[in-house]
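Each structure below appears as structure tokens.
Below are two complexes that have chain A in common, paired first with chain B and then with chain C.
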Partner chain A sequence: MRKEKTRKKVSPIQKGIYINIGLFVLLIVVFIIGCNVGDYKVGIWQTIKTFFGKGDKYSNLAIFTFRLPRLCLAILVGLGMGMSGVVMQDLLHNDLASPGTLGVSAGSGLFVTLYVALGGDTGTGAILMPVLALAGGLLSAGIIFLLGSKKGQRVQPTRLIMTGVAVGSAYGAISSIMTYIVDENKMEFLQRWQQGELWGTQWRYIIVFAVWLAIFATFTYRNSRTLNVINTSYDIARGLGVNVGKQFVYMAICAVALSSSAVAFGGNFFFLGLIGPHIARRLVGTDARVLMPASGIIAGIIVLLADILVQGLSFISGIPTGIVITILSVPYFLYLLLRS
Partner chain B sequence: MTRLVTDQKTKKSNVTRFIIFMIIGLVTLFLLSVLFIAFGAEKLTIGEVFRGLFNYDKSVFKHIIVHDIRLPRLLADIMVGVSLAVAGAVMQGNTKNPMADSGIMGISAGSIFAIMIIMIFIPNVSRIERIVISCAGAGLATLLIYVFAMVGRRGATAERMVLAGMAISNLFSSVTTAVVLKTGMITQMMKYTAGSSANTIWLDIHISGPFFLAGVAIALIISRSLTVMNLGEDVSRGLGANVKITKTLSTVVVLVLSAIAVVIIGPVGYVGLMVPHIVRYFVGTDYRLVLPSCAVLGAVLVVFVDFLARLIIAPREFPVGILITMIGVPFFVFISRKQKSDTFAG
Partner chain C sequence: MENENSIVTKELKIGYDGHIIVPSFDIELKKGKITSIIGANGCGKSTVLKAIGRIIKSESGTVIINDTDMSNMKNKEIAQQMAILPQTPTAPGTLTCRELVGYGRFPYQSGFGKLSKKDKLIVEWALEVTNMSEFSDREIASLSGGQRQRVWIAMALAQQTGIILLDEPTTYLDLAHQLEVLELLKKLNEGQKATIIMVLHDLNLASRYSDYLLAMKSGHIAGYGEPKDVMTKEMLADCFGIDGDIVDDGRNGKPVCLSYDLVGSSDNGETNSNAAYAARMDKLQSAIAESEKEKEEARQKNFFYKTVDKVKSCFKKKDGDK
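Now for the complex of A and B:
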């Protein structure tokens, strides 16, 4: 990177880094605003004071017990989905790919649904749930890949996505059966969860989630250069000595792992993994080294904003956060479809 | 000249096949119907079934089962099967999109959305109003998907329509879920979204019957124009067909028939996708032959699946909509594999 610096004054990657820093600042700002939204008004100055340990009893309670976990979860969900979306889109050379459209998060979701429906306790499942979600996501990715590709032919992303849509609806059907055998409380939980609800707002979930994300984000990020080459063309990558098949599988597993933890704790945010990368690409370009963090941060901001809306506007308070995101992103998705 | 001859030959063989198809289909439907009425928690003999049907006696318990529980349900299944299959075929012809289906395209989700909204504000909404509302919701979704299909320079490909339908369907179901969660009507919604004909009563049949018959009749009337239209809009103009009227009428047919299916049993996807494909394999692409065959096969499919749905985990019932999805998904994957791929930018 230093080499590039000497050659050009502001290289794209440097610009990308600046934008990333800017986005991060924005994330912090939105985060602090998020701390202020709710029934008990804390005030921005008081919020910052509380963070440095100088808050009173009430602001401590409001922020540390109620708001902070939820906001952290929102950011983590965004990071996971946003980064996963970048990897999937780059791997498949298709900007309609995402954990949602490929049916991967539906697969993760199915396993979590089965776990909840067959008597699993969401309280003790802190470690088990992301693992199950990962298993479900990988299984789903495998099935979709097998069904969506033909022998002796190149991978056709559109076909994969179509298969993903169809398989996703099969998972939806199985999940609906499950909601029949559960009681009303669990049914409501599953309904909310399927629409994308930030439910895992206990610190132990968040810690598990954060560690999980950190591990897989590192794995993914270490290979971002390879991802860049693969995104240019499979042939060029092969020519440059990249073992495309192996890297493809490796990166795909990482992407599924990133999204599945988000699905396990945050529910099924269908469009998040799609629009995060899109907005990010407009800002920082296609280099995965800056695109991946930018996409994660942007998706985080989106979830935070949606959650602020849900918490702040009384007429939608209590609905799953994912619904707000879906309603806002469907027009954008249709626009993308028309443009492509 | 030779081409003309072969055309006539294939046409002739298509008609023959159509007749065979219809005979087999109708016989199967009849046998299935008898079985459908005979089987259940209370098993009936064939004789009892026919006596219940044609010699109905209110004081005999078994006759009441036949006449008031199983017959309306059977009719509901038949109506839904016919509606969905015909709507699917018309939609596929109208949009020239082999993947079109009222469930996949989000039309059913639009209906559900409208019905749930109205049930929140007016809990005791009458059945006929429910049909109208359902049509309105279906209309809204249809409008969205058609606008989408028409905007854009190259028109929408099959894949793009499916993705757009998925997004629209997602949008409607999200809003529905939001409203439902706010008002605590989750059980009612689940009842509607799973798709089951178990609670059909005669009133449902009486009220939706006219709409259903009108929809099917219009579909059959425009079947010739649909066939012509599929040759290309210029050709059909040359042949004197009014493309605009055909398109409008077929849109109305699609949304009325899909809306009725939703009112009767809930959103059932994939029937409208599968049936026309199977039918075209046998009888060709002439809509005058395709539509009646679709009606018969659609009815057979839904009745059969509902029959299974009552059988496999008896005495409890499996929601028929879910069971059809399980059959439909592999079919969808199969069709999408056959599609020529369309590469997106990116």
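Now for the complex of A and C:
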């Protein structure tokens, strides 16, 4: 006799939570692999032992001093960019919106570049740099918003994105000019940073970054249901009692804050805020409550993987992580374009 | 005594970008009735509906919902008393019907709260009333036009409001599905005592399903009352510029517009405007012929074309030689 399977139907949100847990486990796995990769071979077992305080001198040094900060930074950058991308896409109802395409990252980048070029010290700038990046990102978002929306008319997402691409390129150009008028040391730093380089690998940066992300991620996540409703359409959201204008500005500021800290410490990862939400959307659907964490974790995994490649493959060792991410993401986007 | 009006507007002035569309709008819409707003394209009927539903801001004036001035109410409070469905609403296609209908509970939730048991039961009820229960786990992208409209109505129902505003709920639907949607609204009106206010393009359907008709012409009220009083030959000429024949529908006794023409086109014989029209067309035709002639002349004078023509004629001669 056939056994009757009474499978309880899983609701989309439950499914999303399971996928999130799965992604988190994957992140941990990739993280541990990351601890192993480098010039000094530690070994998985030794890595885990080291984490529990039973490592030897060399493994302690390799993991705690060199690898752990870098890997933590990679995850934080991914979380910031991934979550920011989701918020921007949901606010503008467009899958092409992201900190990169909207020119927000470029605005943040310009301010950080100016800070470095005008003699600012990256060592003492732990707190100042994300704040400057936020100011630059907000200014950029404001300018793009003013240029991209006609007075008295409603927000036109496509127009905003087109403006963002244009204004972002202009910011990028100014930043590039800046790199040529500074001295050689700074020039190399800025050039690598503009390609996306995990440079802020000191614990004090990472702590500032983590606290910053935690604050703004909480602000954003608290309103994820509102974001869901806005993502249907502005009219529907108004009908359901959302103050769309106020929420739009609030969520936009949160999104810029999330991405700007990532830009300040990790450099300009153009594709990250686009590809994280994209993959996440295919896995967990549109509910922001599960989409935001999923997108952040996926983007984190991508940065980790890219960093592992840079550290592990001798022929590309030393190139900025951002370039690896771009090289990895372009085929994915072409594949998406060909499919649709 | 309970007020018999659910929505009252006073001197409502609505416009976009300094351009006034509706200068002053005063109306009292009856509680528990179906009212349809009709009028030609651009007469401001959707604008009025959106202003009442606060999708667009009115420049001045007041809207009173169930005896309370809307400007003194919180957004969510309004959303608990009045639902509005825009024309052809959109949502991400991957949402399931149940998720979308769940959004209707938004005005009752606070913070990061999950749907309560009551919320979930109301969602199931809304899906049941609209006959969408069997599709509740389907993604909305996979629904037909009629089903999609029903799921949106279900979302509005989940809001549990006494008032539902709809902007052309029958757009893009075939005849049977138009009737289906309107029958559903009528059922809600009768069963839940819902006040339904909608913009409808189809006059005959508006007349058939509405307790009251509100005819509009260029931002003003041109007529308001029961269908038999509003749906008249004069109104059709005034609001729509058509010359129609109104008869009583044998099935339900409501007035219907049976056959119609543009005003003025029925009187035979050359009218002045027709003569002027013919003259203008003649003039344009001759101007087009003239321009072709000019082009040809210019071509003959042009050095380049002269050379080309010469070469061409040489080849022709050669061909002739063979």
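The rule is simple: the second predicted complex is superposed on the first by the 324 of 340 C-alpha atoms of A that agree within 3 Å, B and C clash if a C-alpha of one lies under 4 Å from a C-alpha of the other, contacts with A are read in each partner's own complex, and residues count from 1 in each chain.
In the analysis below, a residue touches a chain if its C-beta (ideal position, glycine included) is under 8 Å from a C-beta of that chain, and two chains touch if they have at least 3 such contacts.
All of these numbers come straight from a predicted model, not from anything done at the bench.
Q: Taking the superposition as given, does A:28 touch the first partner, chain B, the second, chain C, both, or neither?
A: neither
Q: Counting residues of chain A touched by each partner, does chain B or chain C come out ahead?
A: Residues of chain A touched, chain B against chain C: more for B.
Q: Regarding the shared-chain residue A:238, is it in contact with chain B (first), chain C (second), both, or neither?
A: Second partner only.
Q: Looking at A:12 after the superposition, I want to know if it touches chain B, chain C, both of them or none. Which is it: first, second, both, neither?
A: After superposing on A, A:12 lies in contact with chain C but is clear of chain B.
Q: In the overlaid three-chain picture, which partner chain does A:195 touch, first (chain B) or second (chain C), both, or neither?
A: first
Q: By the touch definition at the top of the document, which applies to A:285: first (chain B), second (chain C), both, or neither?
A: After superposition on chain A, A:285 lies in contact with chain C alone.
Q: With both complexes overlaid on chain A, does A:229 touch chain B (first), chain C (second), both or neither?
A: second
Q: Report the residues of chain A in contact with chain B in the complex, numbered from low to high.
A: Within the complex, chain A contacts chain B at residues 89, 93-96, 101, 147-148, 150, 156-159, 161-163, 165-167, 169-170, 172-174, 176-177, 179-180, 184, 187-188, 191-192, 195, 270-271, 316, 318-320, 322-323, 326-327, 330, 333-334, 337-340.
Q: Contact residues on chain A for chain C in the complex?
A: Chain A reaches chain C through residues 9, 11-12, 151-153, 221-222, 224-225, 228-229, 231-233, 235-236, 238-243, 281, 285-287, 289.
Q: Mind listing the chain C positions that touch chain A in their complex?
A: The touching residues are 16-18, 50, 53-55, 74-80, 83-86, 89-92, 94-96, 98-100, 103-104, 106-107, 109, 111-113, 137, 159.
Q: Using the touch rule from the top, collect the residues of chain B that touch chain A in their complex.
A: Listed in rising order, the residues of chain B that touch chain A are 104, 148, 151-152, 156, 159-160, 162-164, 166-168, 170-171, 174-175, 177-178, 181-182, 186-187, 190, 193-194, 269, 318-319, 321-322, 325-326, 329, 332-333, 336-337, 339, 341-346.
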